[in-house]
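In what comes next, chain A is part of two complexes: it sits with chain B in the first one and with chain C in the second one.
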Partner chain A sequence: MKLYFILISGSLKSRMQYKMNFIFSMVSYGMIMAVDFIMLAAILRRFDDVKGWDLYEVGLLYSISSIAISLYRVIGAEVHDFERYMVNGEFDSLLIRPVSPLFLLLTRNIDLSRIGGAIQGLIIIAISVAGLMKTGKATLLLIAYLPVAVLTGLIICFAVGVLTAALAFWTEKIKDFQTFTLYAPFTAANYPMNIYPGLLKIIFFTVIPVAFMNYVPVMYLLQKGGEWWYLITPAAVAGVFLTFSLIMWHIGIKHYHSTGS
Partner chain B sequence: MIYWLLFQKSFLRNMQYRLAHLINNAASAIFGFVFMAVWVGVLTGKESGSPYSIQDMVHYIGTGQVFLWLTVFLTAGLNIQNGVRSGAITMELARPVHYFSYVTVQEAGRIAYNLLFRSIPIALVYVLTVGFYVPENAVSLLYIFISAILAIFISLNLTYLVGISSIWTTEISWAHFVLITLLFGFGGQLVPIDLLPKPIYSIVALTPFPCVLYYPVMMYLEKAAPHVLLIQASWAAALTMISFWVTNIARSKIEIQGG
Partner chain C sequence: MITATNLNKHFKVYETKKGMMGSLASLFSAKHTLVKAVDDISFSIGEGEFVGYIGPNGAGKSTTIKMLSGILHPTSGSVAVGGLSPQKNRKDNARRIGIVFGQRTQLWWDLPLRDSFEILKAMYKVNDKDYNSFLKLYDDMLDIGKFIETPVRKLSLGQRMRGDLAAAMIHNPDVLFLDEPTIGLDVVAKTGIRAFLKELNENEKKTVLLTTHDMDDIEQLCRRVIVINHGRIILDGTLEEMRETIGLPSIMEVQYTSKPEVAAAAPLGLERLQWEDSKVIIHYDRSILSAPQLLKEVSSWGEPVDIQMKEPDIEDIIQKIY
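Take a look at the complex of A and B:
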């Protein structure tokens, strides 16, 4: 852990050489996500709800999902950009170090400019909880569970990120897969799963289990259905999915052949 | 002729990646399904209070996904920033072709590629699944064509201005994200701008962003009056003048050193 912080502080110092760019990037990433939510608010202001979920309820789903993916982009910047290591042949340099390549990737770069998305998510969570309090729907259990949901979401997102990065050992390029595995599912997870047709629902509960990070526990916490174990299942799913992605990552490394010279 | 050659080369360069792009199209179609599902969820049982039916919104989102690849998803800064960073822009500005045309015609080649390998396949996915609107009037086809060309031209100008700003800022990724956000939000990608609250709508309508996505989509769905073409044409003319003006300032700022 000490090594992690030493490497991270080095990465941060290099980033802070361009302070204005950092600030502008942070604000703009936050703004992108905020505009999405403002548009959703505009719809629900006019039409009240989406299949029984009002603005504040959807706001909870939306913010958990957007904080999770933003934090992943902060800590997993190089995992997300792993294609570069394959295409430029930079992965060899990670293999000759006495530390695991995944650990090295995590320490190489922290993209703090993405934290803007998480801050925007926190603001939406605050607005949503305040709105739910007025109607008596925000219980202590719900508020206490929110950090757990964000952490579960981060683990699921990180696992999907590693799994997609592992594809690069076979395909080299992964940017187009990321739209499929990360952007589309996490956008879908901004909204309640009951709006999706069968096939999409199956994908979001199994292949890319984003439904577990917010929809499943929040549904129970807002008394829209489910049982107490809806609060435990997400952590179990996140654990299993992370293990699976790490196994695939190691299989990928064994399969890896350098391009040579 | 040189412009036609640049257009062709850009088209052919993109052809190298068509398999990856076809995979990406599936994701793009899924995005569309997600937004359609949101609207179906919102409008179910409430269609009477809405100017749009569920079917209208399914068509609106589907057409929007198709137009995104023509008018919104342009190359960030048209890659002008790379030339600024490497210094190659000095040679590009010195060439006997206008820099604005030199850069935008290459992007136009990519847009032509996107039409064939991104927009049409995505439209086909919707034809086979949720349905895709087909214009009924022959004259609409002419309006749609003009509206789409103007939308592309406006978007090329906006992206060009972001790119050329790199001469002063070097880094444009944040400016690109801001532009994309405005094109999505004010362009009506998820919400038709006439459904926005009045105060927001009156501001959005004064910007060029609805010209890039909302107007061409509404024109395709035969829900826009022909006069929106005038709004688009005005913005296209104004932005072109600004692009030319900024290019001249940029040219005077560039110094070529060495010897």
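Take a look at the complex of A and C:
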């Protein structure tokens, strides 16, 4: 853990060498996020409910999903940007160290400019919880569970990210895949799963299990159905999925081709 | 200390098509060519040896080094460093080897050199006492102190290479893999680096495997040379043995005022002449015919206006071995 902080502070110090660029990207992401938020609010105001989920309930789903992916983009910036390491053979430099390459990758950069998305999510969570309190739907259990949901969401997102990155060991380029494995599922998870047709729903419950980070537990917590174990399965699914993605990652490393000298 | 046994590394090169579907399709397509980057290589390097590993571009030098350092996994056969498999014990292996890639720095580009050292110190768990004696030793040997506070991106190529060399030694490894450490450096910087490497090998008893394109590196540093071409070893012997096989191939380019008259009786050691109008490119063997002798000879052929000494290409040397 100490090494993590030494390496991270090294990376941050490197970024700070280009202060203007850092500030600029922070501001621009903040603005993109704000626009995004306004769009969402505008859309939700037009509908009273989405298949039995009202504005505040959808707000919960939305914010859990968006905080999860934003935090992943902050701490997993280089996992997300992994194809660079394949294309120019930079992965070599991670393999010559007596430390896990995935650990080194995580310390290469944390993208603080993405933190705006998490802050936006927190604001929406606060608004949603406040709204649900008025109708008496926000129980103590719900509020206590939110951090767990965000954490499982982050783990699932990280696992999907690592799995997609591991693809790069075979395909080199992964930017196109990320649309399907990360952006689309996590945007889809902003809304309740019951709005999607069968096949998509199956995908979100199995291949890319985003349904478990917010839809499954929140459904139970809002008394829309389900059993108490709806609160346990997400953590189990996240754990299994993370293990699977780490195994694929290690198999991928064995296939690493490097580049010509 | 370092062994390779029937080592093979084959790459499947697929035709890549554009876009995501293309890259998926090429994954499953049968259309590929098999490139044998390393083709059944075996060698054994003892403790304290200084071995030159040479060959033309794409001969498989870097691929071998990458397998020895645990970056790549062999298709078949095995490598071992100090008895350990770099693939099975990658982390342990990493702790006992130092690696320098001349083409790519391992230092933190935007940070002062000292920060890179501090980070590596933490990564390799080097204690303060060893770290301080490291700093002192490498300041003596490489004069690191002069630029230790400078961000790496602002260092000259020679300084950066010295920094890279020191960084590779911070955990005091027994084995050093150097992939083209003198590439692109000027003569002065090269001389400094060679002196340092010699000292490391002789005083610190480090085992060194060096790849280079520079025949002078080989001449001045290596007692043993392994030559590889198309993934296969074509010569493995002492420097003297290599000299006996290929001599000291050298090139002199002489520009004359007009087309010269070459004496019929060519001196011993003169191997081949190439003509370009009034310019002659002379391939000769420096171990038989010295440069001053040749100079005397060429000035008898005509009136030279410009004379240049050139390093022979590795490709020429390979030709002579066959």
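By our rule, the second predicted complex is superposed on the first by the 237 of 261 C-alpha atoms of A that agree within 3 Å, B and C clash if a C-alpha of one lies under 4 Å from a C-alpha of the other, contacts with A are read in each partner's own complex, and residues count from 1 in each chain.
Going forward, a contact is a pair of C-beta atoms (placed from the backbone, for glycine too) under 8 Å apart; a residue touches a chain by one contact, two chains touch by 3 or more.
Since this is a predicted model, take the numbers as computed values, not measurements.
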First, second, both or neither for A:T206, with chain B first and chain C second: neither
Touched partner set for A:L44, first chain B, second chain C, both or neither: first
Touching partner for A:F24 - first (chain B), second (chain C), both, neither: first
Touched partner set for A:P197, first chain B, second chain C, both or neither: first
First (chain B), second (chain C), both or neither touched by A:K254: second
Winner by number of chain A residues touched, once chain B and chain C are compared: B
Which superposed partner A:G10 touches (first chain B, second chain C, both, neither): second
Contacts of A:F177 with chain B and chain C, given as first, second, both or neither: both
Overlap of the chain B and chain C footprints on chain A, listed as residue numbers: 18, 173, 176-177
Touching residues on chain A, where the partner in the complex is chain C: 2-3, 6-7, 10, 13-14, 17-18, 89-90, 92-93, 95-99, 170-173, 176-177, 254, 256-258, 260-261
Complex contact set, residues of chain A against chain B: 18, 21, 24-25, 27-29, 31-32, 35-36, 38-40, 42-51, 173, 175-177, 179-180, 183-184, 187-188, 191-192, 194-197, 200
Chain A contact footprint on chain C (complex, rising order): 11, 19-20, 23-24, 27, 57-58, 61-63, 66, 69-73, 90-92, 94-95, 97, 99, 101, 103-104, 106, 108-111, 115, 118-119, 122-124, 151, 179-180
Contact set on chain B toward chain A in their complex: 20-21, 23-24, 26-28, 30-31, 33-34, 37-38, 40-44, 46, 49-50, 171, 173-175, 177-178, 180-182, 184-185, 190-191, 195-197, 200
